[in-house]
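Each of the next two complexes has subunit A plus one more chain, namely subunit B in the first and subunit C in the second.
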Partner chain A sequence: MTTLDPIQVFRTEAAELFEQIEGGLLDLLHDLSNQDQIDAVFRGLHTLKGSGAMFGFEALAAFTHHCETAFDRVRKGEVSASAELVACVLAAQDHMKALVDRPNGDNAEEGDRLLAELQAAVGGQGGSGTVVTPPLAANAPVAADTAATTWKLSFRLPSNAMANGTNPLGLLDELRELGTCEIRADLSKVPGLNQIEPADLYVSWQVTLTTYQPRSAIDDVFIFVMDEMELQIEQQSSTAPIAGVKAPDTPAAPAAEKAVMEPQARAEASTPAVAEAKNGKAAENVRVPAERLDELMDRVGELVIAQSRLSQLAGSSVDIQLRAVSEDVERLSGELRDTMMVLRMVPVTQLFSRFRRLVHDLARETGKMIELEFEGETTEVDKTVIERLADPLVHLVRNSIDHGLELPDERIAAGKDRSGRVLLSARQSGGEVIITIKDDGRGINRERVRAKAEASGLVQPGQQLMDQELLQLIFQPGFSTAAQVTNLSGRGVGMDVVKKTVEALRGVIDIRSEPGKGSEISLRIPLTLAIIDGLLVRVGSGNYVIPLSAVEECLELSLEEDLRSRGRSFISLRDSLVPYLRLRDLFRTGTAPDPYQKVVVISTGDERIGLVVDQIIGDHQTVIKSMSKLHHDVVTFSGATILGDGSVALILDVIHLINVGQQQEAQLRAAG
Partner chain B sequence: MTIAASKHDFDRLWNGAEELAVLTFNLNGETFAIEAIVVQEILDLLPETSVPGSQAFVGSVINFRGKVIPLADIRLAFGMEATRPTIDSRIVVIELDLSGERTLIGIRTDRVYEVTTLLRAASEPPPSVGMRWRADYIDCLVKRDGEFIILPNLDAIFNSRGERAGSAAANSDGR
Partner chain C sequence: MSDPQTIQPHGTVLPPSLSIRNATTVRDLLQAAFESTDPVMLSVPDDADIDLSFLQLVEAARRHAELNGRAFGLQKPAMGNLLSTLERAGFITAMTPRDREFWLHRKEQQ
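This part shows the complex of A and B:
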């Protein structure tokens, strides 16, 4: 088996921490006094520092330490959080990311600059000395205005501490870095040799520590093990201050009752460590590489196929027992498939949360005031879909902000609120998830779209276009209506990529836009990529699958209608005309049509067409297999699937067929 | 250009070695050979599903162990006629690199002979004139027991499908 690269594990962990920190910071912007968020950010920074040092990211640990120190002052209420501070920490966080990616990168100057800014942001208020003391450089001169204090510590770790990865020697080393240590091991609990469990820890320690560091520095040493250990810290004496008065930010000599730190007592004090432990218990997660999930998914897919073969066999058999077993297997594999699907589902929060940062930055860059709102963040979507949607959504949100939203003054002139709203929402509807980006900006300027399209030859001057068609033009390659190219958008790359990506996910884009009121772009994406519900139909001698989410209804094509409609290929369906395609003609089956042909009406959005098939076989759980490169030129099919009898059925590409139908309709209109 | 390209393909195929292990098979009475290393499996004929709208020489797909793979008829790429399957017909499954993607492809054959070793000494690049087939679809010809064994250039056949094999397929359609 492959062993995980610890560095990679750290990077993954760091990415999560960054998300946590960033989320906390952005929440903080809305409510600068929110202590929970301040704590959350502090915890994130602290854990990052700790893990960073553990995995050898020294530069990261040192840098993060400074941020943490600065933020600690906010946490303690010495400095109040401000928008500048948040911006500083956000910038610092980007630097940390860079440090995680390139631990040896030469960007110390950038770090120093950020730290200086950070100092300026916290230094303005609330106290004399700033507490920036790198702990990793133990021999660095300590802050001169702090008094050396002697502490008496005794601590005992749980017996399984070493099995859990705690190295007591590491703790002792950290204590030594704080100041002069006198360490005594208490061996009284060590059992006889025949009873020793080699992995257990029997030793406890007593440490006399003389340090210039505040009490909190000692607590920090134990922060990761605090919940499980017994720790007593007592202040022995405070030697005369080296330089005058004690720094105000050194905690006052802890009272005796505070010194005993039993876990229960600590729990009330809502320290980072405790909160962390709580979080850990609330949601136990297993991190699994995505490839393994994919492998499992493949297996389940094959199982579903094998199972449908079994039930076909059982169905034609008279053996009751075989049928019973087959039904059991059918139920089990169905459940297994459902569980598997759920495993791959993640809430769209993951996708949405990264936009908060983007919007924050964009607001600063463009000088616009933006409120980002979310709706339906708990909607769950296949992980692959989320990953692939991230970039297209970034483009769409940027476009909304850059092209859509107006500057505050313009907005007021137009009678709107100063700050523009961007709403990201997700909801599930049948087998699809609909992700909407809605803004209340100026809307899409149709004349400008049209002029631009004519200028670039996409549309003939004077050509009639439906509104939706006109709006869809913005997804054409190289299309941009921005009068000037900004840093953000307007280079005309992106929107066509958005469309391609969404279509590759078998999704559709709808645009609505009202001049002056805003635009709304909806992406309708199938919930999952791997398995769909399909309607199995027969055309000629071949079986085909139509995605069930697109099917509206099935009806019979009566003989007279069949004959009558030879010329026009329209059926009337409840007072509206629906164009239809004869799949047997499209596929050139060369067989005689069935006497009773059926029409399957499919739709995406507002567009409907009918597909004439020979027979409707029934619904079918379909494991999608992609087609090889050799068949990429065949646009009629989006994939293939394996039926119960082992034969292959092709899956129809609904979007393409509808386009074909629309073209046919347009031709007929033009002709008649 | 064709000669230079063929020379290059020829060198790449032999890669300095004096011997090459191949699988030989029959297509319309001609003996072809494919490097044994790319061959995955030899199958009896399977039910095929034709893909409407695809090019004739990859006109259908088959279910190969739960995967849907294209079934190719390289006869059509060489402008030969497709013959009816016989009791000896087999599908040879090969794995190829199609513009960066490992792809399994089934190849229809009239009969599979054996895995054997061909000698470089007996081989020669395809002649640029006097041959019915497109020279760039052939890596080399190897003389053995008084007949020629054809080593098709599968990469060229499948990767160039878009522009060139398309015309071959169109030709066979017109027949």
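This part shows the complex of A and C:
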């Protein structure tokens, strides 16, 4: 029997709640009076507090309680939301995250400082204009009826309610606070000891409640779990005031609000952990640890290799039944691979959404006005790509804002809007995803780039460089200087590291920049890293794989044409000269060339070269295996794969080969 | 069959944390007790941290005992946190005479 660790479950839930809270706070900045967003943030904080207390994160619960109380005041209209309050709660959220990661961490001073700021932000220090008029009577809770009403409630919480942080006893306590209650537990669904999942909930309840509170007060008790629970409420009767049930003097506050208003006391308050994002679809989704997906991917990879061997055996056999089975296995493994790929794909919005907070913080730090826009957030990319792209993108966005965007006054002087614009976009193009970071700032100063490059010896004074070559210099190691690094962009990840990370993902970086108008950096990354479609070729006696996504076309290179090139190694392709590399020479095969060699034209972005091979064998589903540590320094190959006959084929590093080809072209041009 | 009136000198002493944080451990402990002792008598600390998950586990253990013809009970009637949790959870209201005998050690005239 597999049982999830409740603490880990809470940490996962907390991560979702943090996303919900942060998203709500950042959305709130666009419209500080948006009641839906205020409610969403409040609910997130409330749930976090309750769940934290439930799972023993007392420090988190106590700290979150203060933030929740502050937002409760906003919710009730006692205080208006402000950018300062949002900034305070965002900072407080970072502290909450630390308390989730390190429940016993010694950071009470930081907590106290943040709470003092929070207090000031909600008007404790008389912040200008933060106090607003009380809510209109029409918006106030409905006054209690003069007659008590008896309600029959029957409810069953979702089975994972306790594991998700809901404390059923807290809900029952809240019902008791509404009036006189008779609560009967129904234990009929409790299984035997060997069948029970200790964290699951099996008990349901029937409640007879006599109260002066309106029906809405009962609904409020279940407000956080309403979407996922079974709840029946029937009105039994309305009666005159009855003994033992005190008619309230003041309008009723919903029970959920009461829990908030009681300071500290409700460490075990109702603790629903229902993220709104679930929208009642929880039962349709299964949460699977990422490493299990990786394991499954490995197995599928092995299956593809085994299937490849089977196909080869079947191909050389006369047994028709074996061939039929082989074809079935090939089809099924292909379908399995495609299904597996889909499982690993996650929308790029998961990557983009974290930049909202980053941009918010940077805007406050730099005094710049920034509008962050997204395009193509639903584009899906392999989860590993998403994980590995996070840091490089953070650096690129920081650079855009730090070095690219101007201060508001500078922008006005340049005839631009006060607010700078940063666009993060993603789109799929064939087997690649193209992620672009575009800003409308001052653009890259080419004179400064050249001066720094010359000063650091990256280029010789006066050396002729094409514009793209000049711009690519910013990705050279050591290009950044201490004078250029600020506390924003100088956090240890240089542009060279960004480039290396992208290239490790078999991606490329394109850069465009127009002085005074802005810059655009595009990352072209393969959609997936685990299995690729490749073109299997033979060079000498060895087989090699060229990623199919990079292949533009294949041509024949006759012996005469090869001789005619006289070492210039250019092929004329529709009125343009394309340099080519003879892989036979590059790999020193020591074999004679085939009479009819082939040129495989490959490209990344605008750059393309031809690769001369002896034979094109055909397409090949390639399970990528990493090179061993012994081959760590080998740059021509990005990995290896196992062919159907058990032999190994090296996978060509397209980016490296294109760079070699371009350098060769530049040398030949320089030589005249 | 359970016979809570048969007080054993050494019951299965439960840890002070009997909440969901510890629910799996408690379940394992109960299973181990059924494998190693007969009758199984639980000793619940008066000041134990108890929530609904523990009540469910004890109910599950009662079903297990009943099904397997094993004796199972509490060393002493519910009191302190255990009693208040039973009340909060609505168990007391719903108790049958047999439940009362098990949890509260109250034998009632049928």
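Just so we're on the same page, the second predicted complex is superposed on the first by the 491 of 672 C-alpha atoms of A that agree within 3 Å, B and C clash if a C-alpha of one lies under 4 Å from a C-alpha of the other, contacts with A are read in each partner's own complex, and residues count from 1 in each chain.
Throughout what follows, a residue touches a chain if its C-beta (ideal position, glycine included) is under 8 Å from a C-beta of that chain, and two chains touch if they have at least 3 such contacts.
As the structure is a computational prediction, the values presented were derived from the model and not from experiment.
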Exercise. Who does A:586 touch here: subunit B (first), subunit C (second), both, or neither?
Worked result: first
Exercise. Which holds for A:347: it touches subunit B only (first), subunit C only (second), both, or neither?
Worked result: neither
Problem set entry | subunit B versus subunit C as contact partner of A:477, first or second or both or neither | neither
Exercise. Taking the superposition as given, does A:199 touch the first partner, subunit B, the second, subunit C, both, or neither?
Worked result: second
Exercise. Touching A:637 in the superposition: subunit B (first), subunit C (second), both, neither?
Worked result: first
Exercise. Of the partners subunit B and subunit C, which touch A:186 in the superposed model: first, second, both, neither?
Worked result: second
Problem set entry | Which superposed partner A:650 touches (first subunit B, second subunit C, both, neither) | first
For this session: State which residues of subunit A lie in both footprints, the one left by subunit B and the one left by subunit C.
Result: none
Exercise. Which positions of subunit B touch subunit A when the two form their complex?
Worked result: 47, 49-55, 58, 61-63, 66-70, 72, 98-99, 101, 103-105, 158, 161-162
Exercise. So in the complex, which bits of subunit A are touching subunit C?
Worked result: 3, 6-7, 54-56, 162-163, 167-169, 172-173, 182-187, 190-196, 198-199, 201-203, 205, 207, 268
Seminar exercise, completed: Touching subunit A in the complex, subunit C uses residues 20-21, 23-24, 26-27, 30-31, 34, 51-53, 55-57, 59-61, 63-64, 67, 85, 88-91, 93-94
For this session: Sort out for me which residues of subunit A touch subunit B in the complex.
Result: 301-302, 305, 542-543, 586-589, 625-631, 633-637, 640-642, 646-650
